[in-house]
Amino acid sequence: MNSDSVAMTDLFEKMHKPETVCIFGTGDFGRSLGLRLLQSGYSVVYGSRDPKNSLLLPKGSKVMTHAAAACEAHVVFVAVQREHYGFLSSLVSDLEGKVLVDVSNNLKRGLYPESNAEYLSRLVPGATVVKAFNTISAWALQSGGLDANRQVLLCGDRSDAKQQLMDIAQSLGFTAVDRGSLRVAADLEDLPLQLFPLWRLPLNIAICLTAFIFFYALTRDVIYERVTNGKDIAFRIMISLANKAFPIVSLVMLSLCYLPGAMAGFLQLYNGTKYRRFPDWLDRWMLCRKQLGLLALAFGFLHVLYTLVIPIRYYVRYRINVYTISLVKDNTTYEFDNTAAWRYDSYYSMGILGFGLFVLLGITSLPSVSNSLNWREFSFVQSKLGYITLLLCTAHTFLYGWDRFLKPSSYRWWTPPAYMLSLVVPCVVLILKLILITPCVDSKVTRIRQGWERQGKTLANGRDTKTNQPLMA
Amino acid sequence: MNSDSVAMTDLFEKMHKPETVCIFGTGDFGRSLGLRLLQSGYSVVYGSRDPKNSLLLPKGSKVMTHAAAACEAHVVFVAVQREHYGFLSSLVSDLEGKVLVDVSNNLKRGLYPESNAEYLSRLVPGATVVKAFNTISAWALQSGGLDANRQVLLCGDRSDAKQQLMDIAQSLGFTAVDRGSLRVAADLEDLPLQLFPLWRLPLNIAICLTAFIFFYALTRDVIYERVTNGKDIAFRIMISLANKAFPIVSLVMLSLCYLPGAMAGFLQLYNGTKYRRFPDWLDRWMLCRKQLGLLALAFGFLHVLYTLVIPIRYYVRYRINVYTISLVKDNTTYEFDNTAAWRYDSYYSMGILGFGLFVLLGITSLPSVSNSLNWREFSFVQSKLGYITLLLCTAHTFLYGWDRFLKPSSYRWWTPPAYMLSLVVPCVVLILKLILITPCVDSKVTRIRQGWERQGKTLANGRDTKTNQPLMA
Amino acid sequence: MNSDSVAMTDLFEKMHKPETVCIFGTGDFGRSLGLRLLQSGYSVVYGSRDPKNSLLLPKGSKVMTHAAAACEAHVVFVAVQREHYGFLSSLVSDLEGKVLVDVSNNLKRGLYPESNAEYLSRLVPGATVVKAFNTISAWALQSGGLDANRQVLLCGDRSDAKQQLMDIAQSLGFTAVDRGSLRVAADLEDLPLQLFPLWRLPLNIAICLTAFIFFYALTRDVIYERVTNGKDIAFRIMISLANKAFPIVSLVMLSLCYLPGAMAGFLQLYNGTKYRRFPDWLDRWMLCRKQLGLLALAFGFLHVLYTLVIPIRYYVRYRINVYTISLVKDNTTYEFDNTAAWRYDSYYSMGILGFGLFVLLGITSLPSVSNSLNWREFSFVQSKLGYITLLLCTAHTFLYGWDRFLKPSSYRWWTPPAYMLSLVVPCVVLILKLILITPCVDSKVTRIRQGWERQGKTLANGRDTKTNQPLMA
């Protein structure tokens, strides 16, 4: 053993000998945290109002009064709800120079004007406050970070304190990410209260579209039949109407997911640069393309199931039966229509292939799959294969319509069938894309996106942030 | 360049200059480990019984006798099977003060009374033993940790030695997790020998349930028909009976996955606190809810396929054909039954929507997806959407039954049809949940779960470990 | 607070006080990197040709001339395209002793004889060049590494410089992996330009096989019918032929995914050791088994959809109708064939169970799922369940054929039906496997794979790299 490694060992020993960590609060989170710290080789001291009656604390930990516990350690976790922070003001001198870790969350957003961590910092001005671990649940702490989120986000005003927390987080098997100064604590406290913020807009679009198509089809199919023929076919609501609304919403949302990219291309062509910001609505739209696409896939999936269930429906069996019997009675024969055979088979085939590709897009949107792709692979799948999916699904819808758009009987009450409406957006997207990939336009867009052209001064890197954003993931 | 960064660079250089690592054993694991260490900038020295005949060692490594190799490095990996540890006793003096890393696994559990690492520690008392890397395969080492498990679990009695291993693991692209003292080495050695421990109970439940339902239906359908009418309809085993067993098992297991949560709620209400431990069986049940749910989904998936295949079955086509011909011959007409149309369409629709939501639950159970959700989002999906799924699937089963429970012909041999049995557990779960979400009960449970109420002294954190556990993930 | 922790704090403060990092280049990547560094507490100085006209730089950063910026920091990111590296030669003295980080990518492979990083190192010989961050997109930097690839690969000739970069990467929330010396920079620069390298061979096999089966079936079905009976049944191309090609390709590729493993077993038996390298083609084949299996699953999925769509096809409804009418007219009855009922139902049942298991194999191939399995679990699923899947799918195909291989009418133009061809490879694989699992052969193979037997000198570890490779993941 050479002298260097001796020195190194000494240094390590000094830096990593079992450190004592203090936890204020003996609730679920405090107990789970303490257990995990003990498992990872730390000594743990609990500070409690009533040290003698603190039950269920992990074996190996000590429990004492807040003041006594604070003296034992340099890092103090405050695992107490904000409403009970008051008692800390009496410990100001004991906590002087300590690192106070605020792990708290609120029950609702916007309950308090300032973040819990900043409030804590104001209460104990002599201590360094770090916000950390609030996105980790007691459950994730207990299960060893094996199957729960492993990222500890932290923020604070002093790098050394943050580094200590990052070391603790890493010893506990988490990945620590420094998110900046204590000012961003409010953002970190909002994270666990979020409920699918990026899904709101796409979900609202999906719900509105579904409702619109549903009532549109209800009027044209069920109510029209009732008014003009007096027949009650309301039972069609359950499957036939649902199977009209779902594919239409799916197709429209899939195209909505590719529309902003095409629009951005034209905007860049118009601006002659990629360094002008897009309007805000376009930015927001681009950010929720993945969600738009996945919702489209969900509706497409329901459409597939609703379609495959058709032949076992009571109504369909009844219709086929009645038709067969009528043929027998009229003594006519069912003429085989070669065009119809081609048309229906192509229609189903386009749909199946389109759905197959769509599922592939969905799978590559899974975090673990998209993380294992490089940029080129990801954009190949999401952009190239995505447009082929859109093309197949649009062709599927056109084959469904076939020549019906020529028949006046399709336009009940002077309204076009719902499927025609659904073709507007996809056609626009496909035409825009067709223009963008013509060689002369494509070369211009490519040059703009590489930062060249009318921006000779920019030394960009061949990767841009806006237009090559993940399309669906 | 200011003086500070000079000092820093010096420190870094001292701490991080190419370190030499020794590996005893030139098998697959030793070779893969050496290759990976070399790639990450370490010097590697192999210790071998027969240095001259050691083949296939990575380029750039040295090979010498065990004693000579041990002198070169501070950290010595023992990549040798436990049975061959004997030779180490002759190296006790060479290994004095070294860090010995035990990477071994056994072929079976419980082969030896003490863990390999503790045995190693006893053999070479002067060295510090760290158990590490045993959960990493030679394959994972070679493939650069890009698509295999990246977590290195380690344990040992000295923090400094563990820290050195954690640094090595991190340089190699792994995440290191300290699991405690050398006493837990036996647990780490068991990890690679486990075969789906959490899946055992749910799988056994699924198999027993399937067997029971299958034989129950076999008796009531096939054997009954044989005994009373003398007809052989045994061919129904392949699809009709399977399609009775699968949906029933799916529904029962889905409800079994939500039953313990409801029971826990009532138990907490009864105890008036959440700080009393649940009985062991309830704890174990709660821990395998994810597996119960995923198995239910698998059975539901098979049920969907078995149902969709119905119209292309020979038997079904035969039946429809015979029916049509009989109608023609009797010159009767098929009366359209509006109620039946509503009933069957609703039945399919409920099933499709329920299955769609169920697939969504399954997708959010994928580790990479559930890791990207925060706690609120996860429990929204697994709890709220989960109960809606259960409700839809139960409604689907009720619509299947419709008024058949009133018909005496359903009760062959005085037994109820299988689908009726399957409704018991889901109904119990839904009724319990209904009680729990009535405003007055709900507010009590919420208060208890927040640690308030009859436990004024607890300063909990708004997150609890038991009842808000992941329901399906 | 004891003196130890004071010392530790001092050390931490010195090592981690806000460090200044310099970025050359104000393009997308430079801006995103700067923003991220600022968020993580670094000071950022941009070097720009035209400091006064640099727009859109993140708030809090400074911008100055290249020379001035270089003086401010020890680490300099060169976020400039390789073509513009020229200006660096005038800064050689300013960059003396600095760490230069090459983050560049090329637009195509093989554009330059040497890697960008080595070129940079030659241009500025006094600086230490580290290649890093080139696999991270500007988008991933902006989105906080939360949903994009979090692994920073780096290489370079000096460990201290690499360690500094690893620390920066970790502060930014990434995982850093050291890939070795600057010589591997060319490999790192190729990574973002790869387009599914492991998928090429399997995709080519799948495309060739599909084309072959398609034209084979086209000849035997459509062209034969045209030539001998003069009937045009070309509409069958869309669904019937597709549904012949897809299942056959799926079955053949699934068996191709298990064939190399069986061959490797026999090769090891023949060699009597596992320490002789397999031939190169076998190695390459084994490496793409996961891709072969997943493509087989994709084709199987399409087969399922094409099959389920059968009963709503125009042609099928026509055929059933015509048959029913003919029965009525001929006044014959449809005789129920008990064997046919058994055969078709078993055929569908095998197919459904096989597909269900196949989907399970696919799910365990998802990176996040396979990462959560240990080696034993993974090989249980991929090997045991994989062979059961192959067995079920082969039985499904045999049941499809039934006794048709005995009928001369099946051999149109002296060619066997396509499904018979598809049975060759799976049968070979299953027979090979059957031989390998007979007790006497199995025990020999097991001993060889554990490194024992005729290789008494090897101290292996019970885990081997070649034959126990992931089968499908």
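As written, the chains take the letters A, B and C, and residue 1 is the first residue of each chain.
To be clear about the criterion, contacts are C-beta pairs under 8 Å (C-beta built on N, C-alpha and C of every residue); 3 or more make two chains touch, one makes a residue touch a chain.
Chain-to-protein mapping (UniProt): A, B, C = Metalloreductase STEAP4-like.
Predicted model only: the values in this text are computed from it and were never measured.
Taken as a graph of touching chains, this assembly is fully connected, with contact between every pair of chains.
For the self-contact between subunit A (Metalloreductase STEAP4-like) and subunit C (Metalloreductase STEAP4-like), the two sides draw on mostly distinct residue numbers; the shared fraction is below half. Per-chain CA centroids place subunit A (Metalloreductase STEAP4-like) at a distance of 23 Å from subunit C (Metalloreductase STEAP4-like).
Residues of subunit C (Metalloreductase STEAP4-like) found to touch two or more other chains are 15, 146-147, 175, 308, 311, 324, 328, 366-369, 371-372. On subunit B (Metalloreductase STEAP4-like), the positions that touch subunit A (Metalloreductase STEAP4-like) within their shared complex are 14-15, 19, 71, 74, 97-98, 146-147, 151, 159-160, 162-164, 166, 175-181, 275, 304, 307-308, 310-311, 320, 323-324, 327-328, 333-334, 336-338, 340-346, 348-349, 352-353, 355-356, 359-360, 366-377, 380, 451, 457-465, 468-470, 473. Contact residues on subunit B (Metalloreductase STEAP4-like) toward subunit C (Metalloreductase STEAP4-like) in their complex (touch as defined above): 1, 4-5, 7-9, 11-13, 15-18, 24-30, 32, 38-41, 49-50, 53, 55-56, 79-81, 84, 103-107, 135, 137-139, 142, 144-150, 171-173, 175, 191-196, 232, 234-236, 238-239, 242, 298, 301-302, 305-306, 308-309, 311-315, 317-318, 321-322, 324-325, 328-329, 366-369, 371-372.
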